[in-house]
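To start, I am sharing the structure in question, which I have written as C-alpha cells.
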Amino acid sequence: MSASGPAPATRRLAELSGTAAGAALSADSIVVLPTGAIEHHGPHLPLMTDHLIADSVSNAAVDAAAAAGLDIWILPTIAYTKSDEHHWAPGTMWIGWDTLMQTVVELGSSIAAAGATTLVFFNGHGGNLALLQVACRELRRRFGLQTFLMGATVPAGAHDGPEELGLGIHAGHAETSLVLHLRPDLVDLSLAERSVPEHLADFEHIGFKKRVTFGWLSNDFGTNGTLGDPTGASAAYGRELFDLSVAQAVEAFAEIARFDPAGAPR
Amino acid sequence: MSASGPAPATRRLAELSGTAAGAALSADSIVVLPTGAIEHHGPHLPLMTDHLIADSVSNAAVDAAAAAGLDIWILPTIAYTKSDEHHWAPGTMWIGWDTLMQTVVELGSSIAAAGATTLVFFNGHGGNLALLQVACRELRRRFGLQTFLMGATVPAGAHDGPEELGLGIHAGHAETSLVLHLRPDLVDLSLAERSVPEHLADFEHIGFKKRVTFGWLSNDFGTNGTLGDPTGASAAYGRELFDLSVAQAVEAFAEIARFDPAGAPR
Amino acid sequence: MSASGPAPATRRLAELSGTAAGAALSADSIVVLPTGAIEHHGPHLPLMTDHLIADSVSNAAVDAAAAAGLDIWILPTIAYTKSDEHHWAPGTMWIGWDTLMQTVVELGSSIAAAGATTLVFFNGHGGNLALLQVACRELRRRFGLQTFLMGATVPAGAHDGPEELGLGIHAGHAETSLVLHLRPDLVDLSLAERSVPEHLADFEHIGFKKRVTFGWLSNDFGTNGTLGDPTGASAAYGRELFDLSVAQAVEAFAEIARFDPAGAPR
Amino acid sequence: MSASGPAPATRRLAELSGTAAGAALSADSIVVLPTGAIEHHGPHLPLMTDHLIADSVSNAAVDAAAAAGLDIWILPTIAYTKSDEHHWAPGTMWIGWDTLMQTVVELGSSIAAAGATTLVFFNGHGGNLALLQVACRELRRRFGLQTFLMGATVPAGAHDGPEELGLGIHAGHAETSLVLHLRPDLVDLSLAERSVPEHLADFEHIGFKKRVTFGWLSNDFGTNGTLGDPTGASAAYGRELFDLSVAQAVEAFAEIARFDPAGAPR
Amino acid sequence: MSASGPAPATRRLAELSGTAAGAALSADSIVVLPTGAIEHHGPHLPLMTDHLIADSVSNAAVDAAAAAGLDIWILPTIAYTKSDEHHWAPGTMWIGWDTLMQTVVELGSSIAAAGATTLVFFNGHGGNLALLQVACRELRRRFGLQTFLMGATVPAGAHDGPEELGLGIHAGHAETSLVLHLRPDLVDLSLAERSVPEHLADFEHIGFKKRVTFGWLSNDFGTNGTLGDPTGASAAYGRELFDLSVAQAVEAFAEIARFDPAGAPR
Amino acid sequence: MSASGPAPATRRLAELSGTAAGAALSADSIVVLPTGAIEHHGPHLPLMTDHLIADSVSNAAVDAAAAAGLDIWILPTIAYTKSDEHHWAPGTMWIGWDTLMQTVVELGSSIAAAGATTLVFFNGHGGNLALLQVACRELRRRFGLQTFLMGATVPAGAHDGPEELGLGIHAGHAETSLVLHLRPDLVDLSLAERSVPEHLADFEHIGFKKRVTFGWLSNDFGTNGTLGDPTGASAAYGRELFDLSVAQAVEAFAEIARFDPAGAPR
C-alpha cells in the first residue's frame, strides 16, 4: 500500500470497496484465503467444525499481524471443499478435486489481477492439503504468485489427547476442544466416543504421516468416522490451542512477508 | 423430519452434527443454499455486498419460516461466484461458469445423498441467475431434486430509486439502502454517484429485462461500473426492503413446501 | 462492408465463399446465429418444431432487414441443443449444457475471427435461453463481441390460446399454429390434446415467469410432455404470428445496428 | 418397427413426432447422421460446400434405400464441425475436437435411448474422419451401438481431375463439380484456380494417404487454401459423381442392414 | 544442432541432461515419440506386445538414421494408451481418448518449448492411429510443430499370414512373429489359435480398410479377442519384418528431414 | 492367485498374456505402478533420472518381495508426469495436474477391472507426491482399491550430503549417487555444482518439509535449477542407497500385504 494516510480499520478485504481494495493491494501485500469444510465430524461436533476453526484462527491471526504492522488482508473462507473421504456420511457437502482446483486457480487469478503477489492458503481441513499443494505450484507458474500453504492450527500430533496415539486427526481431542472454546453450544460431549484405530500403530512403514501413505475414507477404520479421542476435550485446552495457533500463524505471516526464494531480502 | 420431539434450535444445517443432519433431513425438508458474490460495487459499497444481502435475508427468512412450522434448513452461503461482468475491476473475486456449475451440481449431489429432495437457490448476485436456472434443471434430471431459484430481495425494479429509470440493478438505490441497514459501517455515501445509462431507455426491444437481452460487462456503459443511483439511499428504506424481502421469501418457502408439479398436494 | 459495389444477393453467409465472407463482414455487420432443437413436441408436432420455427423466422427476418438496408448476415441453424427437459422422450436428440456452451463459444470465436463484432442468437427453444444468456456474457468478455439474445417468436404469453392460462410454452396454441402455417404436412391435429398444468396457477410466487422459478422436466406435470392447448390452433393464426415475429425481429435488428452500451451512436 | 401398417412417408426422423419416432425405431433400424462443415473452400465455392454435399447425398441415399425396403432414418445434418485446418480463413466456423466428440457422443446416447442400435455417420468433411472413427468405437463401447462411418461421396482419388495427381481433396474437381450440379448459383468458376502441391508427389512415404501421414493446415502448401484443380469442373460430372455416390451409399446401407461382426446373419 | 563438435553418442533424448538437450535440439531436429500399449493380445502374446514392438523398432530406426547423419532424437515410449477396444479383457491398461489427446498435446508443447519443430509419432497400437491423426493437426495449429504419424511396422496387410484374409491386425502372424524375434520367452505358441472373422470378407463396402469403417471392440467377433492367425508365426519371419520395418522407417525419417509442405527444400 | 501350480517366472505384469494376467491377479495381489519423470536435473544428470530410479528400485524390490513369497506384480513405469516446476527448462517433458490425475484414475480403473484390489504408487519424482495422494483417495472411493503411495528411495533428508542442509531434494548428493551406481555413463560429474539455497534455512516456519510449505519452481532459487550438492556423490554411496531403498520397499510391501484399515488381519 503505497499511499499515505491511515490504514483501513478492517483487514477483511471484502469489506472494502473494489476501489479501496485496488488501492490497498500492492506487491507487498499478503492475501490470506482460508479454506474450511462442511463435513461429518462424528455425533458430537458440528458439520462446520473445520470451517469454524479456519475462519476463527485466520481472522484472529490476520488482525494480530496487521496490528503488528504487516500489510495483510483476508478473504472470506471457502466453505465447501474436498471432503470426499466423508462422502458416505449424510451432511457432508463436498466438491471434487477438479472443482476445488479450478476454484482456487480462478481465485488466484483474481487475486493477481487485483495487484497482490502473495497468497496464503489457510487450511482447516486436512483433506485439502495435498490438492492445495498442487494449487500452490500451479498458481506460482501461471500467475507468478508467491504462494503458501499452512494449516489452521498447530499440528495436532503435538497436542494429541493422551490416548490418541498420534491418530487424533479428525474430531478428536484437539478439534473438539477448539469448538468447545469457540462455539460450546455446538458440541454435545455426551455423544463423544473414543475412535482410535490402534492397529495402525502396528505398522512401521504405513501411516498417516509415515513413509508409506494410503488412500483412506473415514469409514474404513471400523469406527464412527472420526479419528481420535474427544472424551477428554475441554474449552480450556481449546483456548490454549487457539491462542497458540494464532501466535504461530502471526510468526509465519511475518516470515512470509520477508520471504524471497532467491535469497534477497524482500 | 418425521420423528417426534422438539425440533433443533438452529436451522443452520452446518451447526448440526452429521448424525443429527441425517436424522433431520427427509423428503419433506427444504434445503436453502444462498449464493453471494465478492465483486466491485462502486466506490461506496463493499465487495461483499451481494454476499451480505443473500446471507442476511436468507437466514432471517429461514428462521421465520421455521418458526412458522416449515421443515426448512439453510447451508452456508457460497461466497465466490460468477462475477465475470466485473472481471475488470480490482477486488472482484470470481469463478467461471463451468466451475460454478460444477460446484452447485456437486453440492446438489451431496444434498440428495443427505436425504433431502428439495433445494432452493437463494441468490444475491444477478449475474448468477441464468446459470443457476441451468443448474436447477440439471439437478432435477440427475438427482431428482425439486429445485427452485429465487432472488434474495424483492425485484429491484419495483423499488428503484426515483432517478434510476428501472436500471438500478447494481449498487444503486436498493442495494445501497440495504447495506446501510445491515452494515452502515461499510458504506461511504460521500463517494456514491449516480451512474445510470439513460440512453438504454431509448431502446424498445433491447434491455436488461426486455425482449432482446444482451451480453454486457459492467464497464461497457461509460460509467463507474455501477448501475443505479445510490445518492438517495437510506437505512430506513433498506430496512423496509429487507423486511419486505424476508416476508416474501417466507411466503415463497410456504409455497415451495406444498409445491408439486404434477398437481397433487404434497 | 466497406467496399463499394452491389451487395451480395444472398445474406446466408455460408452461401458465400470464404473470400467473399471475409470481404463482406466488418465491424458494422450483424451476424445472426439461429438455434433450434430436435425434441419431443407431443404426438401432434414434429421433433423439428423449434428448428423449423427458428430457421424460418430468422431467415425471413434477415432477408427483410437486409432489404431495408441493414448489414446483416445469417448462419446455418444449430440443430441439436440443450433439450434435457425432454430427455425422457424417444426422439429427443440433445447435448448437455457444457457441450452447447463450448459450441457457441467456439463459433463466437470463429465469428470474431471473421471480422464481425456483433452476434445475435436467434433462439427457437426456450430451454436454451438461460445458457445462451451466459454465453452472451462469455463471448463479450473473451472476444469483445457485442452479443444479443432474442426469441424466435413474439412472446407466447401474449398470444396464448384462450385456455392456456399463460402456460402455453411447449407445443401449444402458438407453436402448433406456426407449424400449421409453415409445414402443415407435419402436424396431426387429430392427436393434439390439451395439456395445461392448471394447478400451477395456484402459486403466486412460483411459476415459469414468476419470482421463483423451478427446475422442471417436461414429464413432471402429469401430462403428455407438452404444455399448452393445441386443439384450437390454426394456420391462419400461425401466419399472423409468423408475420408479427418477423416484423418485430426486423425492428430489433434495426435497434441492434445502432446499439452502443456506452451511449454514443454507432 | 414391429407394428404393421404403412411406413411413414418421410424418412427424415425429425419430421416425425417423438411419439411416432419412438414407435418407428427398433433394433432393426438404421439411423444416419450426416456431418457437414462450414469452411473455406477457396474463392469459387461456398463455405457450405461440405454441408451441401453431405446433406444432399445422404438424403437422396436414404430415400432410395427406404424405397428399396430398408428400415432407415436420417437426422438433420450437423452443420458445424472440426474445420481446424482452415481456422486461418475468414468464414470458417469450427469447433474443436473435444466439442465435436462430446456432441456426437451425446447424440449417440440420444439415439440409443430412442431404441435404435445402428448409427451411421455420413461425413462430408475429410477433417472429421479421424475423430469420427474414434467416436464410432466410443459409442460402441458405451452405448452398445453398432456404428459405421462413411464418406459422403465416392473416394475423390478415383475421380480426380486429370491434373490433380491424386491431391484433389479440397475444393477441387470433384467437389466443384458436385456443387455445380447441386447449387450452380453458388459457384463462381471464374475465380477457380489450380492449387496442387505437386511437390508432395515427390515423397514416397509421406502423403495424405501414404504410410506416413502428417498434420497439415490448408495454408501450409503455399496455395490459396484449396487442394485440387477445379478449373475443369462441370455440372455433368457433378451429376455423375452424385448419382454414383448415392448408388454406392445405398449398397453400403444394404450391407449395414445385414452386418453382424460375430458372423451370424442379422 | 548448430554447435560444432561431436554429436552425443546417444540419441535417446532422456539420457541427455536438460542442458545438453537444449543445446542439441534445433529447428532441424526430428523428435520421435513412440506410442505403445498394454493390452490383451490373446493367450499367446504378452500384454506389452505393442509397447515392445514400437519401442524396439523405433529405437533401432533412430539409431540407424542417426548413423546415416540425421539430426534425430527419440523419447521414451508412452506405455499406456487408448486400448478401449480391449477394455473387456483383464490386463488391458488403458486411458480414454481425451486423456491420451491431452497427454500428447502437452508433450508436444514441451517438445516445442525445447526448441524442436518436428515431431514424429511412431505408433505400435492401431487403436491409437485415428486419435494421433487428430493430434498431429492440433499440434500443428497450436504450436507450429511439423507433425508426422507412422506405424511402427510395415503394413501388416502386405505381410499377412496365408490364412488371414487381410484381417491379421491384432496378435496374428505379423505381431506374433515379431515378438518371437524380439522376446521369444514371452510367447507361448502352444496357446495360439487362428481367430479370423472370415465372414467380414463377405462385405464389399464394410471393412477395417474399406470405404465404410465401423466401430468395433475386440470381443465383437465371436473369437478370443485376437484378429489373425498366429499359428504359423516364426522368429525368422519376425526378424525379416523387423528389419524391413526399420529400413522403411529410416527411409521415412530421411523424407521427413527434407519435407516442406510449401514445396521449398528444407 | 488362488490356482495351484508354479507362479510365473516374471512379476512384470505386462510380460504376461492377458489371459495369464487375469488368472494371476486376485484380491490378494499387490499391483505396483512406478511413476518417473523426464525433467531437467541440472547439467550433470540425465533427464531420465527420476524414471531410472523409480524403475530400477521398484523392479528390484518387487522381484525381492516375490522371491519372499508375496503375491506382487509390477506395471511399466509411467514416463511422463507432472514436472511443472521445471517447465522453464528445455528437455522437461511434462503433463498437467489434470492429465496425470486422469491417467492414474483410468489406470486404477483398469487395475480394478483386472481383479486386483491393492495398488501401490511407487514414485520417483517428488513433484508428483501431492497429486498422487489425491489420486489414492479418489481410487479408494471410486473403485474400492486399497491404495498406497511410497517414494522410490529412502527419504533423501536422512541421507543428505554433508553440505546440503536438508535441502538436497533435486539432483543432489543422493540422486547423483544413485545414477552413478545405476548408469554411470549418464553422469558428468565435471559439470556438477553445489546449488543449495542456504537462506531457506533462515526460516523457522517456511520450508519444503516445515509447517508452512510454498509453491516453488526450480528456477526460483537463483541457482541452476537443482537443489543439493552433487559434488561429493559416489557410485558406492549410490549402491548403498539403492540397496537400502530396495530393502525398505520390500518391508513396506510386506506390511501392505497384511494391511487392513479396519484392523482385521488380511
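Structural remarks
Going by the order they are written in, the chains are A, B, C, D, E and F; count residues from 1 in each one.
One rule holds for everything that comes next: a residue touches a chain if its C-beta (ideal position, glycine included) is under 8 Å from a C-beta of that chain, and two chains touch if they have at least 3 such contacts.
Here is each chain with its UniProt name: A, B, C, D, E, F = Creatininase family protein.
The shown structure was predicted, so the numbers you read here are calculated from the model rather than taken from an experiment.
Counted as hops between touching chains, the shortest connection from chain C (Creatininase family protein) to chain D (Creatininase family protein) is 1.
Common partners of chain B (Creatininase family protein) and chain F (Creatininase family protein), by the touch rule above, are A. Over half of the residue numbers at the interface between copies chain E (Creatininase family protein) and chain F (Creatininase family protein) are found on both sides, making the touching surfaces mostly the same. When chain C (Creatininase family protein) is fitted to chain E (Creatininase family protein) on its Cα atoms, the angle of the rotation, on a 0 to 180 scale and to the nearest 5, is 120 degrees.
A centroid comparison over C-alpha atoms places A as the chain most distant from chain D (Creatininase family protein). Between the CA-based centres of chain B (Creatininase family protein) and chain E (Creatininase family protein) the separation comes to 56 Å, rounded to the whole angstrom. Distance from the chain B (Creatininase family protein) centre to the chain C (Creatininase family protein) centre is 28 Å, each centre being the mean of its Cα atoms. Centre-to-centre spacing of chain D (Creatininase family protein) and chain F (Creatininase family protein) amounts to 48 Å, using the average Cα coordinate of each chain. Looking at chain D (Creatininase family protein), residues 87, 98 sit in touch with two or more other chains.
Of all residues in chain C (Creatininase family protein), those touching chain D (Creatininase family protein) in their complex are 12-22, 25, 38-48, 51, 75-80, 86-87, 89-96, 98-99, 102-103, 106-107, 110-111, 113-115, 183, 186, 188, 191, 225.
Against chain B (Creatininase family protein), in their complex, chain C (Creatininase family protein) makes its touches with residues 82, 84-85, 87, 97-98, 101, 127, 129-131, 133-141, 145-151, 154-155, 197-200, 203-206, 211-217, 220-222, 248, 251-252, 255-256, 259-263.
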